[in-house]
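Accompanying notes for the structure given below.
A, B, C and D are the chain letters, set down in written order, and residue numbers restart from 1 in every chain.
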Amino acid sequence: MRYTQGEYRILNKTAIAKQIYDYTVLCPDIARIAQPGQFVHLLPKGFPLRRPISICDIDAEKGTLRFVFEVRGEGTAELARLNAGDMIDMLAPVGGRGFKINENAKRVILVGGGIGTPPMLPLAKIYGERAVAISGFRCSSMVILQDDFKEMGAKTILCTNDGSMGIKGFVTIPLIEEIEAEKPDIIFACGPRPMLKAVAEIAMENDIECQVSLEERMGCGVGACLVCSCKAIRNGQEIHAHVCQDGPVFNAKEVIW
Amino acid sequence: MADLSVNIAGVEFKNPVIPASGTFGYGREYGRFYPLSKLGGIATKGTTLESRLGNLAPRIAETPSGILNSVGLQNPGIDKFIRVELPNLMKQETVIIVNIAGSTVEEYIEVAKKLEETDAHMIELNISCPNVKEGGVAFGVSCDSAAGITAAVRKVTKKPLIVKLSPNVTDIAGIAKAVEAEGADAVSLINTLLGMRIDIRTGRPVLRNNVGGLSGKAVFPVAVRMVWQVANAVKIPVIGMGGVATANDAIELMMAGATAVQVGTAMFANPFAPIEIIDGINEYLDKNGISSVREIIGSVKSW
Amino acid sequence: MADLSVNIAGVEFKNPVIPASGTFGYGREYGRFYPLSKLGGIATKGTTLESRLGNLAPRIAETPSGILNSVGLQNPGIDKFIRVELPNLMKQETVIIVNIAGSTVEEYIEVAKKLEETDAHMIELNISCPNVKEGGVAFGVSCDSAAGITAAVRKVTKKPLIVKLSPNVTDIAGIAKAVEAEGADAVSLINTLLGMRIDIRTGRPVLRNNVGGLSGKAVFPVAVRMVWQVANAVKIPVIGMGGVATANDAIELMMAGATAVQVGTAMFANPFAPIEIIDGINEYLDKNGISSVREIIGSVKSW
Amino acid sequence: MRYTQGEYRILNKTAIAKQIYDYTVLCPDIARIAQPGQFVHLLPKGFPLRRPISICDIDAEKGTLRFVFEVRGEGTAELARLNAGDMIDMLAPVGGRGFKINENAKRVILVGGGIGTPPMLPLAKIYGERAVAISGFRCSSMVILQDDFKEMGAKTILCTNDGSMGIKGFVTIPLIEEIEAEKPDIIFACGPRPMLKAVAEIAMENDIECQVSLEERMGCGVGACLVCSCKAIRNGQEIHAHVCQDGPVFNAKEVIW
């Protein structure tokens, strides 16, 4: 596979929550090969480093990718200045290992925390009614993508920390309930590290396959600079794996939390 | 089409642009953007005797026009490098510069010896990495230790030997002279400037290693100054680096005295940076009626 | 409204923000933007025994997120300073730090002696200016000479003595310890990093002096690292500077160990930078329920 | 006097020649006090240094300033991205000494070279038919402001180096002719240093007062940083004067060329 980097046209931009934007970009070459769990590496103009953002939807026919990001610092603020019609500098698709899809899975649970929710959507698209999409947010003003999950046919469960919308509390509450109701074949998760760790432990206890998408600060995004390391176990050995190339999706068992 | 070739210590480079050590892995990844044969050479990730895990993450922070890194020499060790990576590199029709590092003089010697039996074209002795506790930068900050390690490695290798200098010193020209006297065939500079960032929300250093090496455009003026000072102090060729992002930057560094340039951090924003720099140098030379890139080396007219 | 006051060597500053030497003249110009009494203090342009013309122009160049300058201590001489400028400064209800420089130890001594009879609050010994041929930076790059000049000036002045350190050294903490041992009451850092730019259209260095001092945001990570290293090495207060442009930068440098910060280059783009930094620090403290700015000094939780 | 710095609204932007733009900015406070020969210090967003640009027209009634600049490097390129309606960060008016106006002068010659032409326009506005405006440019594609000078009533003489428009050759040719025709009271000049030097010599030989506006690289723009020095003679002593504060206009006799 060759990597692709260039300027791509933004077709649509929507503000979907406080400081959270939803972009659709025309990039047929990339849309043709992109896989769930991979990400795009976006360059805010004038910055030394790109920003990794998960792919939220892949439409190979229309040749578009969709991603959703929150303004956190100066780089995402600069990216958020771009509007429909503008060009965006994108290196994509990146991520050596996306989600491993088991077509035969009968029931999967998708757990998204905050801005970790977007990469769950391509999975909901694949698994449809076989998926339960549990999403957790700090408060109602940060809730995103719930209608999208419903549209895919997924059972859609919403939690907020402060109870301002949906269930009050963490995603682990409905997760345990759903496991108890019917054990899923796979749990997919993306979100803050403490959440991922909790989900991984629950999966382990219940002996369920669990795939987690990790975050780490990145340089190149393609595996060359070795900055994006995370501690992992492979073949019984402790290694420093690289999130961009060996991930961003890891089997939860490999991760040293 | 101007003549872009340069010669360093008897090794012919088709052009003076080389991806910098540690930013280009062993070439596999950027080889998926463009054929590596377009490059003047490749400086590989710093390799040590045994495999190393490197420092804990986060290992990178952004700074105004620059970055800090604290990778700390993560690498598979020289044996695996020779077995797995070098054969692939040697097929790429470009000059292969193996960057080596270690914690002790003996470790450097062992690594150099193992490379002696390979086809690798050149060795770059990294005595300036700021991200490892023992050794590394310690060798690079005094004339005596820099000279000592150069002499020791010189004894065990016939390959052209480049010594990579640290900018975290009072007198870089003095250190360059010291390694020249001990048989270095070339010097390369600058490695990263030691820096730090703190996340004021958490009160924690952004890098898990507390400090890291500053690279990227921010350091470019320091690189130009040091290349100029060193080129005026030694007779061996100087390979310049530190913040080179465009053909104009490369030309500026060559005017200051560099025979070739390395490009690192710029690739993170623009993976095609080395290719665009090669093309841009060629354009500049053609436009100015200069037939060989060698004419601009050290051509600055100081006041 | 949090308590912004800090104390350095017995001198009370109403807030920890001080325009940096050489970027603020003697206060007259920026005094036309805002009352100087708002500032924690003022560090005056480096003043020598006799008047000096400074270097030839161009004396400034832009670099990525930074600038190079080669002013070279242009100033009217200490007598005229004391006669014409100091009386005006002393009326401004802020701490006046007189930055002094020279080519010989004797010159520093003479200047310090003349200041002893004035009301100036503090002396900042500039042993680190990279833009003068003799003296200046030469004193700042070795422990012995830095200690020697500190001891000599210490003998002739009872005023609190700040020694301003050069970043162009291998071991800045060592130099800080050396001047502390000889009686410095505080250290300030960093002065500028030596750099160079070449205009590739003309093949000439941009600065008529060939090289100049790098300042501005580009150097900020180096400043944070050096302040952290020095604050961990000495007991006297550290005044931090180098690229501070926002309240967040000032807070970061204070967390690294600075008791106060100086602001220079940032004022060229934003003349109100010091005022906005003071307001911003206050806001930060209020928002985080911190009652005194002194609580954040050196509060970084290193890994 | 207090200095003013802030963001001001751009009312108009016109491309008047190749890479040369003409801006009008609304800034009543500044327009009220600005003087011919002074300049504005403009901040290209994100750059460490401002760019000094001469004031080309002052309309105290409308509260506007006009300036014209050429894109030379990255900073002016960034400034040229701004459009009517945008805000521009301006420190103004700066320049401790503008042109010294002698209201009684019966005949003045204004000599502008290239992008040194704009500061001559406020003088043409003052002196009207008493002014001869000589402008020199490299070639026809760089010619600017000729209609403006005519509108002010000035005798307007154009030169180009390559003869592609107006007189072929340097501004010194018509300057000497005009002096020979009738000796002026003052010569005002702005342009490249070699041109200024030649004009100053001609003025000296003919014993005519000559005011030149100099350029130097700047930091603060207000006299505090001392970077913008130029060699000058004052009270018989060689000094390093500062273009921003002691100038930008100097009596040609003071300048050490």
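Methods note: contacts are C-beta pairs under 8 Å (C-beta built on N, C-alpha and C of every residue); 3 or more make two chains touch, one makes a residue touch a chain.
Everything numeric in this text was worked out from a predicted model, so none of it was measured.
Chain D has its Cα centroid 57 Å from the Cα centroid of chain A. Note on chain placement: the centre of chain B and the centre of chain D lie 47 Å apart, centres being C-alpha means. Separating the CA-averaged centres of chain A and chain B is a span of 36 Å. In chain D, no residue touches at least two other chains.
The set of chain C residues touching two or more other chains comprises 61, 63, 65-66, 217. Under the stated contact rule, the graph of chain-to-chain touches is a line, running from one end chain to the other without closing.
Under the contact rule stated at the top, the pairs of chains that touch are A-B, B-C, C-D. Interface residues of chain C facing chain D in the complex, by the touch rule stated above, are 22-25, 28-30, 32-33, 45, 53-54, 56-63, 65-67, 69, 71, 74, 216-217, 265, 267-272.
Within the complex, the chain D residues that touch chain C are 1-3, 5, 43, 47-50, 75, 91, 216-231, 238-240, 245. Here chain C touches chain B in the complex through residues 61, 63-66, 68, 141-142, 168-170, 193-198, 200, 202-205, 208-211, 214, 217-222, 224-225, 228, 243, 248, 251-252, 255-256, 284, 299-303, going by the rule given at the top.
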